[in-house]
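By letter and in written order, the chains are A, B, C and D; residue numbering begins at 1 in each of them.
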Amino acid sequence: MSQNLYDLIGLLAGICFILALKGLSSPKSARRGNIIGAIGATIATVIVFFYANDGKALNHLPLILGAIAFGVLVGVPAARKVQMTQMPQLVALFNGVGGGAAALVAIVEYLKLGDSATVAEVVATVFTVIVGCVSFSGSIITFLKLQELMTTRPVIFPFGRQLIALTLLAVLATGGWVISSGGTAPLLINGALSLLFGILFVLPVGGADVPIVISLLNAFTGLTVAASGYVLQTTLLIIAGTLVGASGTILTRLMAEAMGRSLFGTLFGAFTAKATAATGAAESRPVKSGSPDDVAILLNYAQRVVIVPGFGLAVAQAQHTVRELADLLTAKGVDVAYGIHPVAGRMPGHMNVLLAEANVPYEQLVEMEEVNPTFPQTDVVLVVGANDVVNPAAKTTPGCPIYGMPILEVDKAGNVIFLKRSMRPGFAGIENELLYEPKTTLLFGDAKDSLTKVVSALKAL
Amino acid sequence: MSQNLYDLIGLLAGICFILALKGLSSPKSARRGNIIGAIGATIATVIVFFYANDGKALNHLPLILGAIAFGVLVGVPAARKVQMTQMPQLVALFNGVGGGAAALVAIVEYLKLGDSATVAEVVATVFTVIVGCVSFSGSIITFLKLQELMTTRPVIFPFGRQLIALTLLAVLATGGWVISSGGTAPLLINGALSLLFGILFVLPVGGADVPIVISLLNAFTGLTVAASGYVLQTTLLIIAGTLVGASGTILTRLMAEAMGRSLFGTLFGAFTAKATAATGAAESRPVKSGSPDDVAILLNYAQRVVIVPGFGLAVAQAQHTVRELADLLTAKGVDVAYGIHPVAGRMPGHMNVLLAEANVPYEQLVEMEEVNPTFPQTDVVLVVGANDVVNPAAKTTPGCPIYGMPILEVDKAGNVIFLKRSMRPGFAGIENELLYEPKTTLLFGDAKDSLTKVVSALKAL
Amino acid sequence: MSNELALLSIFLLSIFVGFEVVSKVSTTLHTPLMSGANAIHGVILVGAILVADHSETTLELTLAIIAIVLATINMVGGFVVTDRMLQMFKGKPRPKKDSAGQESGGK
Amino acid sequence: MSNELALLSIFLLSIFVGFEVVSKVSTTLHTPLMSGANAIHGVILVGAILVADHSETTLELTLAIIAIVLATINMVGGFVVTDRMLQMFKGKPRPKKDSAGQESGGK
């Protein structure tokens, strides 16, 4: 296949990617967008077989095909079987391996080019290795955090900032070393240091900020792909990588805004903010806990009820039960709405997805900005497995990990009912003062069980 | 200057243009955007002097500089002195000369290349000549229409559609002739036919649709510039031209939507729609005309007044007087708002610009969608020099030139006062039934005079 | 990458940029935007200067010089008239809510 | 136009396209968009195949093959997981007003 034809088809694939991103930014066309992206990627992959070795069969063809088959066998079932609640960490993992792949490609190309590499190519290689490695190790850490294989709290270590700065310096220095004098060993050292930096850089990020970091690393990986595209003189990789880099950057900013965080604060906040919150053995303070019957009575005599779902709803898979309850209340003449916080759950839009699964009518899902003004007129708020997104500490406690995040102001409603299993805090690991308020009733237990009981109690009234 | 450096600076200028368009799409940054665009254009123009003749002074340098100076001397005063009301036709004119320039550049380059031109270059040349000429002659006609040097109504001639189709066919045929056998004469014939086609194509467009056509021709001219960029191997022209072509296409669609027109209907509507409206010597029917005192009394005892400005406000330059009236009414405790139709006047945003000039507070300017639901609660609507934008025919008379355009539904208000000079129709040339309604009062005279009289009468009350 | 392909890529990408940048402009800005875009295609002046420099016959030169005049009028006049329109919009107080909406609308 | 410059132009234009396309996405779609973008950078697979083909030493080949595996997981897994997420959004009735807003928000 001629270089020209190859480039032309590559351009076509690039346009598929643009259309994919365009599609993905509108709910109606999102799925089609994703499919267009997949088509683009397939085209790009298939044609490289006809182009790479001047039209002859590729060297190491069986190995290459085997590796692809293996990748498919690992990737597809993982993507198919993962639970909704675990998708964010899977995305993190996929992003990490992409970064790793980019770094490896750069290293191999560097080995092959040897001394014939131009300065620009070496610079691009070093960039790819550094950023790819950071993305790889950083994503692994975010994966571990989200999978709760390690603590979701910010990991703060003594002289943390200094250590991170020092590592970064070392990364840059070894990078400069590769550029000035070349050689494989320096590049590998550079890569190793970058891996270390990725770990150190993500460790102090608080759990709630992890999605932002995934998005940032995602954008980074995009840039490494663009840089690889330059070294390999493949326009498609430049277009695709740059698209992801640019859109990822914007997306990261948008996500940070939705969570009320500054990007800088997200990344470096842990060391600067004093950890004033989340301390004190407040767990021994008294709380008011109620029975399913108490809750049913409260709900039955309410004029207006707002249901606030959170991560616990997903864990308990209680979306169908909550809908049953809502329908029952509506039938009884109660005005019911769902108050949806943009970052409730473990991924943006998590609650929408979950409730859509239970066929909750879309009109009942009210976004934060719209539902907040209605809380003073709301009699009962039913908080189903949410915690951080209703935690007033976000407004009252400067320095706590969620400070500044806009929340659902359920404390303005007449009564608040929490369905949760224990007094344990939510994702951000901080105490929720609202649980101790006199207007709050706690119904302990798995959300699905509790809801089922409430439904029966309501029917019996 | 090396080709590389030239291309690099050209790329920079291209980015200036992107930023210019980005800026222009947001009110806050619009002016800065325009300035960035001007900077980009200046950079592009200056560097070509260092690049064109391999760094030596350009051939015919004095002539070139003289021509530029002459262009500046013509263009700047025209742009400076033109009245607000005449800007649209000036933009049309500027667009036309741009199209003409692109066609001329293509012709000259074709003469120079002679037989050495590749097929692609000839195709691009023919495209530029055709579209540039259409844009030139079409813009001249729109200019004449807007300047009212000719009728603003659709000009319909017998066998119009057939004639237009035939001309288009001839244009394409001569274009094909140039491509297949070359030669200067065919190209010139092709250009002449294109000029004719431009005229025929714009003549049947009704006055109200003229801005849409200007926008379309503007996009066309952009594409010719991109094609010239290909022939001249100048990336900057490709980027700039394509940007204008693409954004102009979208803008045309948006404008058509704002006026409630389909693009196709705009262009070919005149021949298909039966001219059912705008007929009948209805002018002899009785109307209720009032004195300034009558109007003052009506206004004085109103709870809520909506002022609907239109093109007549601009003609009368009555923006300051209307503000005076509004302030007076507000001081008397009347609730006053301005109802702004998106296409009132002769350019989108015309009324905003005009009233902003008179320092009318921005909050008082209410857009169509927001003001329409309030008319049933409005006691008096004061229509100052508007006509088409309040004409119920847009809803009731299929086939009339403005049918389907969303209007300000002033007929739902308690009283409607029209300030106009005569019973003549507005821009679209169609009768306004509302003038004959019992709830309507007409105050004849120049809007500024009438308003001044109403203000004095009000003060005297 | 061949020259033709590079130009094609640039062309296609520019289409997307042009589409996306303008796709959410508010009605109020339609006219200035049209006028500003109109001024931008005045850079055909660059092309006119290039062909004027190359011109060999009087015919070529005459046409090229006319093109320069026309393109200059387009470009300079376009930017000036756009600026005049936009001057009117500048510095007027806008209500918070509305300006926020327009801000996000223009990004 | 030199090759480097063409690539630079493509790079810069792609930045604008990427910025603009995504700049107004609704919160609901943040996760699928991130995941979709993530899948797209899986095309590094193309690069991995190219270097695998060129590989001469065992070290090179090993690394390249690992890269292929990782890139494939990234790409294929990414598209599948995105599709799964988006399935949830599909076919749900939406109120007129809201869907119109999201429509224009995503253009």
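We take it that contacts are C-beta pairs under 8 Å (C-beta built on N, C-alpha and C of every residue); 3 or more make two chains touch, one makes a residue touch a chain.
By chain, with names taken from UniProt: A, B = NAD(P) transhydrogenase subunit beta; C, D = proton-translocating NAD(P)(+) transhydrogenase.
Owing to the predicted nature of the structure, the values given are computational and were not obtained by experimental measurement.
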Q. How many hops, at fewest, get you from chain A to chain B via touching chains?
A. 2
Q. Of the other chains, whose C-alpha centre is the longest way from the centre of chain B?
A. A
**Q.** Inter-chain centre distance, chain B versus chain C - centres from mean C-alpha coordinates, in Å
**A.** 16
Q) Any idea how many Å lie between the Cα centroids of chain C and chain D? A) 32
**Q.** Distance from chain C to chain A - Cα centre to Cα centre, in angstrom
**A.** 40
Q.
Where in chain D do residues touch at least two different other chains?
A. 1, 3-4, 7, 9-10, 13-14, 16-17, 21, 23-24, 107
Q: Mind pulling the residue numbers of chain A that touch at least two other chains?
A: 18, 233, 235, 239
Q: Give the pairs of chains that touch; include all such pairs.
A: A-C, A-D, B-C, B-D, C-D
**Q.** Interface residues, chain C side, partner chain D - complex
**A.** 1, 3, 6-7, 9-10, 13-14, 16-17, 20-21, 23-24, 104, 107
Q.
Help me check something: in the complex, which residues belonging to chain D touch chain A?
A. 3-4, 7, 10-11, 14-19, 21-57, 59-61, 63-90, 92-95, 98-99, 102-103, 105-107
Q: Give every residue of chain B touching chain D within the complex, in rising order.
A: 3-4, 7-8, 11, 14-15, 18, 233, 235, 239
Q | In the complex with chain A, residue positions of chain C that touch it | A | 1-2, 4-5, 8-9, 12-13, 16
(Q) Under the stated contact criterion, what part of chain A meets chain D in this complex? (A) 13, 17-18, 20-22, 24-31, 33-35, 37-38, 40-41, 44-45, 48-49, 52-53, 58-60, 63-64, 67-68, 70-72, 74-76, 78-80, 82, 84, 87-88, 90-91, 94-95, 97-98, 100-102, 104-105, 107-109, 111-112, 120, 211, 214-215, 218, 221-222, 224-226, 228-230, 232-251, 254-255, 258, 342, 347-350, 352-354, 356-357, 359, 361-363, 367
